[in-house]
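So that we are looking at the same thing, I have put the structure below in structure tokens.
Going by the order they are written in, the chains are A, B, C and D; count residues from 1 in each one.
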Amino acid sequence: MSDLLLIDRRWIARGAARSSTLRFALWLAPWIFLLLLGIYAAGLCLYYGLNQTNMDNRFAFGMWIFLDLAIIAMGAGAFFTGFLVYILKQKDLKPVLNSAVVVGLTCYSGAVAVLMVDVGQPLRAWFTFWYPNTHSMLTEVTFCISCYLLVLILEYIPVVLRNRQLRKVPSFLVFEHQFHKLVPVLAGVGTFLSFFHQGSLGGLYGVLRGRPFAYRAGFAIWPSTFFLFLLSAIAVGPSFLMLVTATAEKVTGRQLVQPGVYRKLGFISGVLLAVYVAAKAVDTLVWLNITSPSVGFGPRDFYSYWPLSSTFLFAAIVPLGLLPAILLIAPVTARKRGWLLCGATLACCGVLLNRFVFTIQTLALPTLAFDEFLSYIPSWQEVATFGAVIAYGVIVYSLSYRYLPLFEEGKGAGQHVSLG
Amino acid sequence: MFPWVDGFHWTMGHIVFLSLFFAAVLVIGSTLVSALLWTASDFRSRRAAELCWRINFRELPEAERHCRHEFAGRAPSRVCDNAFDCRSCQNYAKYAALPGKDFSRNRGVHYSVNLLYHRGHTWVRPRGDGTCTIGLDEFASRLIGKPDTVDLPAKNTELVSDGVAWRMTKNGREIRVRAPLDGTVLSTGGPEHEWFLKIRPHEPLNLRHLLSGAEVSGWLAAELDRLQLQLSAPNSAPCLADGGTLMPDLMDAVPQADWDAVLAATFLES
Amino acid sequence: MSARYGMVIDLDRCTGCGACMVACAAENNVPPAPPSATPRTGLTPMLVHKVSNGLEGSAQREVFIPVTCMQCERETPCVGVCPQQAVEVDKATGIVMQIPQRCLGCRYCMTACPYHARYFNWWDPKWPEGMEKTLNPGVSTRMRGVVEKCNLCHARLHGAMEKAAAAGKKEIDPTDYVPACVEACPTGAIVFGNLADRNDPASRAADSPDAFRLLARLGTEPKIHYKSRQAWVRALAERGTSRSSEAKHV
Amino acid sequence: MKVSRRDLLIGSAGVTAGIIFTPVPWKLLGDVSIWTQNFSWIPQLPRGPVEVKQSACTLCANGCGVRVRMAAGCPVGVAGVSGHPVSKGTLCPLTFAAHQLNWHPRRLREVRHRGRPASWSDAQAAFAKACGEGQVAIFDAQPERAASSVFAAFIQKHNGCYRPVLGPESQALAPYASWSGVPVNALGYDLENTRTIVSFGAPLLDGWGTPGRFTRLWSDRAAGASDPQLRLIQMESSFSRTAALAWRRVAVREGSDAALAAGVARVLLEEGLVAAQAPMPVLPLAEAAAQTGLSVEEIRSLVRTMVEKRPVLAIAAEESPSVAALNVLLGAVGTPGGIVAKKNHVPARVPAEAPKTSPRAVLIDASVPWEFDPQTDAEIFRFAAWDGGGGKADWLLPAPGFLEYLTDVPAPPTSGVDTYAIAVNLAASPPEIKSAAQFLQKIDSSMPEVDQLIRAHCEEIFHSHQGAVYGEQPLPVSTIESAQKIEEQLRKGAVWVGNPSRPGNLRCVLKDWPAERTLPRPTNWAAAWPVPVLPPIATKLYQESNLREAPAGRQA
């Protein structure tokens, strides 16, 4: 036992204060349980097929797609922070960069894992690369997400190699050093890829001519939702990063970044959110007054069904859009950590709601004159499978925090000058 | 995807989309490959060890990167920015010219004036015949006492300055002792001998980076302070509270101390 | 040949017996439902909806609306969205084809279809022991986890084309190509034919003033037409118009 | 040159990289994936020559023409025969999957005695013993077949009685039979010539009579028209499919048909709207109105619309003397567009008299619906192709299934003309399968063979010189050279159709207005389906859609 503690200790960065091995194990235990449960549920879905879920021919997309879209939006913090640090040279955001990479990696890999369960023929996933239909938004999403996942993994490698034991291997240390010189390139590629797939995830719905609730006019080949999803993703990414960091600080009971970083992330998030809300409002007006009437659908076709009534639309724009934007920008509130985090939370909820509306409400609403409004409750297999993704995220982040230099703490200054 | 795949059309969409995709993949791939190639070349040109040391040095806590001239009292508090390699330090001459003070307060850790000390707690004794012997200084040996195992390099191994000279273990902890200078191993001693390695240094022999004279006592004093600070961490007994001498085989004496931190600081591991 | 196959379904004639649904399933080797299947998870490439005019007493009326793939001609919603070219519009026939062997089962096309005419194989295809001897040898069974839909009994079109080829003819004999549902309809409510041919009974029926299409305003040019002499039934074409007469699905 | 390990490594790496860009690994992966998609069960499609045969459906008495696609000697598809004189090219929804029935999990493949497996010889021994000891009753739901003649011959030889089991359509015709002396099987409806049909809850558009005969008529002459040539007035309490599609729907109280008929009759007589003579119903109009839940005025206006377009024909769902009496009053008996006798001379082959004593044994033919209960404590020998479950037969005897045996198909109960068809055994029946007729022949070898009887009937047709044989094209019997030719044609799926019935060969005399006994009405849409099981894909109709409610007592 003592040896075990010793070994665990040896992998923790020198001088980094970490909780005892036992406490850490206790912290992980419930998450590991959740993970195993989810893996079992996913196994059921893969073995017996998707009849294990409560999806059906109308709800062909369910909770999985909705939450996948949500966490991919949240994961946008990774590419956006990289973009800010390496492309826009916002050096003061460096302290959260590694953390952002881990968050992004877990979000994306988790989402992809769930997608693999969600499709009816996971073994044919590669068909998308082999017979790509370049007109499909989903093709764009698949290509970009898989590439970007690769980028995230590559960006994660240097962080891993800086683990105290791994770095003792000279080749690792040297590789990490050399590779790090190229990370800005990856950040650029990541930005390019993310720009497209975050947008295409919105395009996914915007192009649904057969679903007037989701269909949007747009520019060139991209419906307006392409730009709205992109905007909302980069707006909420930093907010989510703030929340994760704050949670980490709460759990570990240590200050991990300077308050200034929060301020900056919050401000960026807030400004983008404000722009998003404005664009969203305009888009909604255009859609309700021009796009959908032209195909014979009016507001009462969309908002006369409880509970998905117009209050949802209002909520998405004002309390979960405008309000957080103000909280994150206004100096009065932005100075107070509590308000800042409250704003970030609201912003995340806003994007969550937006993804919910586009995924679930689109399918719940009737199209034919003799359709009904349908509802759907996910089965425990669906919930558990997704719970596993959350658990996976927590576990990976905890392990990374414990054994890898996610934040600058207890080290000499200048450590990151060339190693970021 | 590829023209030979059923369903491929030579349409604008395909061409633009796929070329963008392949471009991205290419960039990602080439970053990885070039990083690997650079790494390989570093090893081929023997720069790897030094590079490792420099990366490692950068991540040392500031307290462990103080300049030798500070210990000699020639300079105010100054942090080294050249990885302790005074041979290539521009400021060396400037400071070396200044008058120094001797802080030597004998705290029971003896050092010899005719030994040259490396910051990694090894000493070098140049011999007439152009070879040098390398040993562990008293501070380190008292810390460790009798190591459980000692893993010395084979004959004719090329040592690289600040690279790993030899490895030891004590109470399940690995200790990597840094080489004080470059050279070829001629013969090996060990804890029972008074030296560990006899090497033939590379020509031209330049030992400027090693501490000597008054610097050593200042440095050792600082090290002792550091050690005392570390050992008086909450979970360790106040063994040096008396400011007295450093007892031999401290690792066995004070097993509950945070030896990871102590050893890392002692042997310059970040 | 560049035909545009389509149907005109006379809703006044439909008695909602369901022969078309059974005949379709038998022709296309659609598997029977496992015990836990519901109307929402079923496999019914041809599905007859039962719609009431919402009135009471002797004024109460019902209409039965057979809904199948509408074979949309323009901007076919399901074709553009498929990430791997598993859906395509056959240039020669205008039939929207689904390639189950290539389908990933992402179900994006199902969300794209405004008619809910696409169905997912939620279960493994299973027939009782020995019953596979009664499967239609011309149509391969689909596997679990892929989307399927009406392809206007494409196997029958192939048969007709082979027959024509054997006879050394270019064009197929229209009487050789009749989808199972059309053949099965006891009241002859479904007229099937080549809408591109002005003299075809189907395209003539499609031009009748009583003819209409479901959600035509979406602009996807569905090739399945409906007709009825009852105004309230014609009003079911679009949501907007149907609101006046509170028709509801029962 | 010497090849170092390094070169080999590099080489192999290059090869692997190259292979990735050839279709080989992807094709392999694709095949693997396609295999794994249905690893649990891979359906094997039948292989073999495909041919199309014509025959007649024998699942019920309505004798629809079926076009059967055969692959490797097994039916793989069923469709209607376009232009078929009986079924007009249509079938009931379930028959389109009838070829699945022979493989249904509930298919009977062995003799069972009180639930335990037994042998044919045991069953024969037991039945022979019963014949020796007492009277046997034979129940048959499709009378007039060759098999029926075998039954008749058997009970004439051994003491016993023959009990035809009438379906609802035949029961509705029973009153005319008892008033006119013409047997039920000789009666039918001349729907083609009527202008107004008053249906007392008969499911005319949902499985009444030969499916397709009336639906075709309705869709051609009535569907969706505001003033159709053929007026369908549906009197029904529930909102059935027929009610939903009828020209007029009159919502009356459950089981008030008799009262309504009486009320209608009263109005007809009081307002002198009918020429024909019939006794005045005892029931006063107000009382009738009260029972039906209609107002007197509603009944009056209903009657006026009824007689607007003549001929008018009232159709009851099952036996209903008052509805029959109403037809007499409307002059719809023995006239065009009314109740007609489809057979001019009716061979009283099968005496249908009640048994003198309670029988020692009961033999139930496979044609009898599973639900039928002989209400006897005698030893029951039940022939059935499928086990409907819960049967309390002592002997359960596996009968041939769909298209598995040779039989003839007489005119359907509701048909207005006499018809005759032959259904040959297209599919090979499993071993250990016997029809009731074969069973009786095994017991008494002097019994006539079914094919001989069929040949004899063809001879009859040939010598009668009446009607025509409808094959590819209709051939008048008088132009056919021999009975063999007729039989050949019929065995190929052709149908003999007799001459249209002469008006006036059916006369009903009614002394006083009949009393009514109301029977429970079959509510289940699959009640017209005599087979106790449904084809598996029938789930499309009720489980996988909301088109119909799940059929009680029938399972897919």
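By our rule, contacts are C-beta pairs under 8 Å (C-beta built on N, C-alpha and C of every residue); 3 or more make two chains touch, one makes a residue touch a chain.
These numbers come from a predicted model, not from an experiment.
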item	value
Greatest separation from chain A - chain, by CA centre	D
Chain pair showing more contacts of the two, A-D and C-D	C-D
Most centrally placed chain - per-chain CA mean versus overall CA mean	C
Chain B and chain C: spacing of chain centres that average the CA atoms, whole Å	77
Rounded Å distance, chain A centre to chain D centre (Cα mean)	63
Where chain C and chain D are represented by their mean Cα positions, the distance between them in whole Å	29
Computed distance of Cα centres, chain C from chain A, in Å	40
Touching two or more other chains - residues of chain A	121, 124, 127, 130-132, 135, 139
Set of chain D residues in contact with two or more other chains	37
Numbers and ranges of chain C residues touching at least 2 other chains	38, 41-42, 49, 85, 124, 143-146
Parts of chain B lying in touch with chain D, wherever the complex brings them together	2, 4-5
Chain C-touching residues of chain D, taken from the complex the two chains share	34, 37-38, 40-41, 43-48, 50, 69, 71-72, 74-80, 90-94, 96-97, 99-100, 102-105, 205-207, 211-212, 215-216, 218-219, 223-226, 239, 241, 244-245, 248-251, 535-541, 543-548, 556
Chain A residues touching chain C - in the complex, by the definition given at the top	49-51, 55-61, 118-121, 124-125, 127-128, 130-133, 135-139, 142, 204, 207-212, 294-298, 301, 362-363, 366-372, 374
Parts of chain C lying in touch with chain D, wherever the complex brings them together	10-13, 15-19, 21-23, 25-27, 29-33, 37-39, 41-44, 47-50, 57-58, 60-62, 64, 101, 124-137, 140-141, 143-146, 180, 183-189, 228-230, 250
Chain A - residues contacting chain D, complex	121, 123-124, 126-127, 130
